[in-house]
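Some structures are shown below for you to check.
Next come two complexes built around subunit A: one with subunit B, the other with subunit C.
This part shows the complex of A and B:
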């Protein structure tokens, strides 16, 4: 029986649950003996000119080794904006003449012991001449973050002049809405950190929690003006990332720089406060949607105008809206659709990738648009989706925005979710509560989505990833992977894939990742790429290893390779029909190293899809929402291990629901962040979430031999708009059309009240 | 996230703690469960020079009955109070309030004396004490005094405690079988109340509707004059002065106070 598709328990967990992981802050390594500790002086103001820095008091404080400012790190380059954005918007390693957000690193204090750092930070006197904060999705150019740029608009994706004036001609129903996809914090359980030491050979070794050591190494080398061969990155256990630990941040570069400057190892570990203002944030888009169609529910035209608040420096904010635009029309067949995106800079923490990175934003806008259209036309939102979803396809489908969907059956996904939810009965229950005027009203929200996974490119053209599989003489096997687990369960999954081919049990297979000397190439883990590329590479390497072994065994048995049978239960080759003429794999490995490196290259990205149904209750008196049920179809092709796939769905659904209901990074009108601890920046916990009802659906892709697509982000893509739609639906009969996220009780109450006043004035 | 430098003494007795308080005055803070104080120290919002730890003093812990009162020792953990059969029988509102504080970890560390001394107007136990009309037993160098719940809290995080005084116990009237209501409006289970209401036998206490836990005096008077719960609740926000924060503005808080008061008077818990 195949091990694939079975619920193999996570082999990672015994260690995590007993001795615990070893995170960068926990590392004990003789190379780090005598390390100094790096602390960052961060700007307390959103936007200001720096007129002076006096470090004398800090330098005299106990344990202070050194204080560095921008002048000291002048040898380091500035970081250009990503994407086709204004090149004058350069990010310095430490703030030079100006600070542009609360939390921007201004100076570095280096101390002997960690406890001395926070005392010393308070002694660095920085003179700030405050400037007006630059905030919002339409910042005026009266105050410029970058004077040389001449504007706070970093750039555009698409040309607003090409939007068609006649796009909605012939539409009987047209609805417009401005929708905020609010700024959120990735807030992984493990915050950022680094440890760095330089060898006598001038080579840097850096331990950094990351999502791909090879990318982090590339970033460090580039920003330290080094050859890649001069850098080794080692990945300790990583406590979550959500997209925000790709590459290298300037703090990582500074820690390495300090270690070189002082000629001793250096370490850094950020506090939660620093993490909430210093790590990139996610989302932060404004969507102006217009949707039009026939009164009986055919969507004929859709326009999406995006504004990306990139924060103070254009990091992923420069290309996230490109992904949003790529998914403008989502799973629907819309005859006329267009989109354009503007990127602006503001005096806030820079935006980075965050679970879904650009695609959840597209889905959130589109799913609200479909519901607004259905409400305006007086139609059931399920019927509007049925009517407009693309029909099932098995040959790739090219959208007007250039995305090439591999396989999909969106209508079936919708119907399965509706059936599992008992949609008809839910609508009846809702109608009964409305008729009775119950305090607790029921809301049902749908979201049908399609998303992109496995875009990441490693070597050469086409999405690809490498794996090395080695069978050892003792009967164990080792896998090296260019992916980079940080919670997903790769050790279990990759071992299953190798075990399937080799017959070696999962518990005798070890996975290694994240050391660039051991694994020089790799695309890491992000964009839901790992299984379809890295997993396919493990399968390929394992199969090639068996073929290599077959050749060797055939030579020994003086038989034709074609006549040999590989018996997985015995991990041994024998001549067909002659079990005694056998050569075990271990014997071959003893004679000569049995190791294969393979690169799997896919033809392109894959497109998982699904439908989420959220059921909520809203207390119409207080506005308080309660999430009662989440029923989801998340079709990511063939499922390798249901336990792991469900884990990804659970996390994604919870995180997406949290964006819909509670999470938001808030700044005041002066650009001061108000959500700088977990008392103010909320998540949902198990207490606020129902048990999820996960519907199985597996439509294979042809893009890899496993038939798998990515599942890491899908949960957060479907659940956010489903929950938001459900909350609006719960109070729609009171006259409410839209409530922005997070749909807090206060916002819901205000929306109910505003709708009531509106209808009163209409009747007056 | 590293506190400023401080010294630490584990008090040997309540008397020892009071002596240390008298000696060090405002420079010292009493440590019991530490679940409010230590986070404030890590954020450097509090920078005491000395922590006097009374958390280990068994003499201050425990639930007992003394005549008409239920007596709860100052270092009684919330979890123990919530689980106390005596408290659940004699003052169920108090036991319930203890069960609503924070999360299980907090309830196993936090103490009733600590919660009252910390005087967060959004907290559960100060509101419960006001609803029950209890008293706080305070010891200092000058001796022991008792302070009524309505007089104990002076403002945001401010009480009548003198620098050398320590809360040693809490007394609430025994009210077995008397119906009560408790409403805690939160975003998430373990948050502080956006607005809270506790009601028992004509007394109504509000959390987070001003700088201290408050009595809803106008609503209480209306009830006393024979008004219905719904009519009295309409007056619940009168005379209050709620603040504004990320979760609610004044108008929303006043609205919640009215709705939640009606529900509390109808003996609902949430």
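This part shows the complex of A and C:
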């Protein structure tokens, strides 16, 4: 029986459950003996000119080895904005003449013992001449974050002048709404960190929690003016990342720089306070949607105008809206759709990728739009979706935005989710509660989505990943992968794929990743790419290894390779019909290393899809919401290990619901962050979430031999709008049209009140 | 420096420590027991949870000197003879961990929870783990694991009684 598709328990677990993972903070390595500790002086103000830095008191403090400022790191380059954005918006390694957000690194204090750092930080005196904060989605150019740029607009995706004035002509129903997709904190449970040491040969070894060591290495080399060959990145266990640990940050560069400057190893460990202001945030988009169609529910036109608040420096914020635009029309067949995106800079923490990275935003806007349209037309939102979803297709479908959907059956996904939820009964229950005027009203929210996973690096280059599989003389196997697991369970999943081909049991297969000397190439783990590319590479390498072994065994048995049978249960070749003429894999491995490296290249990105149904209860008197049920169809093609796939869905659903209901990074009007600890940032807990009801659905893709698509981000893409739609639906009969996320009790209560006053004044 | 005497994972210890040293740092730095993690600076996340005399505590808010005279158990001390503790086994069985960072704390919180309430409902489990944050799992499988561990432990007790 094939091991593929079965619930194999994770082989990585025993270690995590007993001694715990070895995260960067846990590293004990003699190369790091005598390490100094790096602390960052961070700006306490949103926007200011730096008129002076006096480090003398800090330098005199116990244990302080050195203090460095921008002048010391002047040899390091500045970091240009990502995407086609204003090139004057450069990020320095340490704040030079200005600070642009609370949390921006201004100086570095290096100490002997970690406990000496916090005290020494306080002693660095920085003179700030405050400037007005630059905030919001429409920052005026009266105060410029980058004077040279002459504007706070970093750039555009699409041309606003090309938006069509007649887009909604002929639509009987047209609705518009401004929707805020609020800023949230990725907040992996492990914050950032680094350890760095330079060898006598002038080579840097850096341990950095990351999502792809090769990308992190490239970033470090670039920012330290080094050849890539001069850098080795080693990835410790990584305690969650969610998009926010890709590449190298300036803190990582500084830690490496300090180690070189002082000629001794250096370590940095980010506090949670620093993490909540220093690590990139996610989302932070404003959507102005307009949707139009016929009274009976045909959506004819849709416009999405995006503003991306990129934060103070244009990091992923420069290209996230490109992904949002790409997915503008989602799973629907909309005859006329257009979108445009503006990117602005503000005096806030820079925006980066966060689970879904640009696609949850597209889905949130579109799914609110569909519900707003349905409400305006007086139709059931399920019917509107039924009517407008693209019909099932098996040949790739090109959208107006250039996305090429591989395979999909969106209507079936919707119907399965509705059936599992008991949609008809739920609507009946809702009607009964409304008729009775119950305090606790029921809300049912839908979201149908399609998303893009496993993207290539650019036009023309198909997405790819490599794997090396080696069988050893002792009967074990080792896999080297270019992916970078940090919770996804690749050790188990990749072993399953190799085991299927080799017959070697999963427990005897070891996975290695994240050491750039061992694995020079790799795209890491993100964008839900790993299984469809990295997993496919493991399969390919394993198959090629068996073929290589077949050739060698044939030579040994003086038989034709075609006459040999590979017996997986014995991990041995024998001549067909002659079990005695056999050569085991181990014997071949003993004679000569049995190792194959393979690169799998796919034809393009794949497009998982699904429908989420959220059921909520809202107390109509207090506004208090309770998420009762989450029913989801997440079709990501063939499932390799249901246990792992479900885990990915659960995590995404949880994070998406968290954004919909509770989480938000908040700044005051001066640009001071108010959510700088887990006491203030409402990180979702077990009490706020229900158990999830997952519906199985597997529509294979033809883009890889496994038939798989990505599953890492789907949960967050569907659940966010489903929950938000449910909350609005619960109070829609009271006249509420829209509530922005997070849909807190207060916001819901205010919306109910505002709607009540509105209808009173209408009746007056 | 203050002298402390305590039992950690069944082993008697006697150490000189700074009065301000936190239990979590004592365990991690002096004893090299690094399963408990530090995930926050406001006693909010529970990644540092250990057992103090069988009750779960956040070791980032307990001073090492306060643990003197008491018994501390960490995730490292839970498995006996290479066998996972029923709670650990349940977390594996139910896929209650992904990146593993919250896991040792989550497991110790669960042991503490089940000691107080051996047969919790799902709602009680969620309430009981409110102070332990996890970013990866959406809590679904953690809750399953706790309920499964409760069942397994109930089964075990019955089994022992039968043999007795």
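Throughout what follows, the second predicted complex is superposed on the first by the 759 of 764 C-alpha atoms of A that agree within 3 Å, B and C clash if a C-alpha of one lies under 4 Å from a C-alpha of the other, contacts with A are read in each partner's own complex, and residues count from 1 in each chain.
The working rule: contacts are C-beta pairs under 8 Å (C-beta built on N, C-alpha and C of every residue); 3 or more make two chains touch, one makes a residue touch a chain.
Please read all numbers here as calculations on a predicted model, not as lab measurements.
Touch criterion met: A:677 reaches subunit B and subunit C at once. Touch criterion met: A:118 reaches subunit B, while subunit C stays clear of it. Put subunit B and subunit C next to each other and count what each touches on subunit A; the higher total goes to C. By the touch criterion defined above, A:272 lies against subunit B and subunit C together after alignment on the C-alpha atoms of chain A. In the superposition on chain A, A:662 makes contact with subunit B only, while subunit C stays out of contact range. Once the two complexes are overlaid on the shared chain, A:622 sits against subunit B while remaining clear of subunit C.
In the superposition on chain A, A:237 makes contact with subunit C only, not with subunit B. Looking at the shared chain after the overlay, A:685 reaches both subunit B and subunit C. In the superposition on chain A, the residues of subunit A contacted by subunit B and by subunit C overlap at 271-273, 677, 679, 683, 685, 687.
Against subunit C, in their complex, subunit A makes its touches with residues 9-10, 12-14, 16-23, 25-26, 28, 187-191, 237-240, 242, 271-273, 486-489, 643-644, 646-647, 650-655, 657, 677-679, 683, 685-687, 689, 691-692, 715.
Remark: subunit A residues 114-115, 117-119, 271-273, 621-622, 624, 662, 666, 674-675, 677, 679-680, 682-685, 687-688, 744-746, 749-750 touch subunit B in the complex.
Residue ranges on subunit B touching subunit A, taken from their complex, read 1-2, 4-5, 39, 43-44, 185, 187-191, 194, 246-249, 252, 255-256, 259-260. Contact residues on subunit C toward subunit A in their complex (touch as defined above): 28, 32, 34-42, 44-45, 47, 75-76, 78-79, 84, 88, 91-93, 95, 97-104, 107, 122, 125-127, 129-144.
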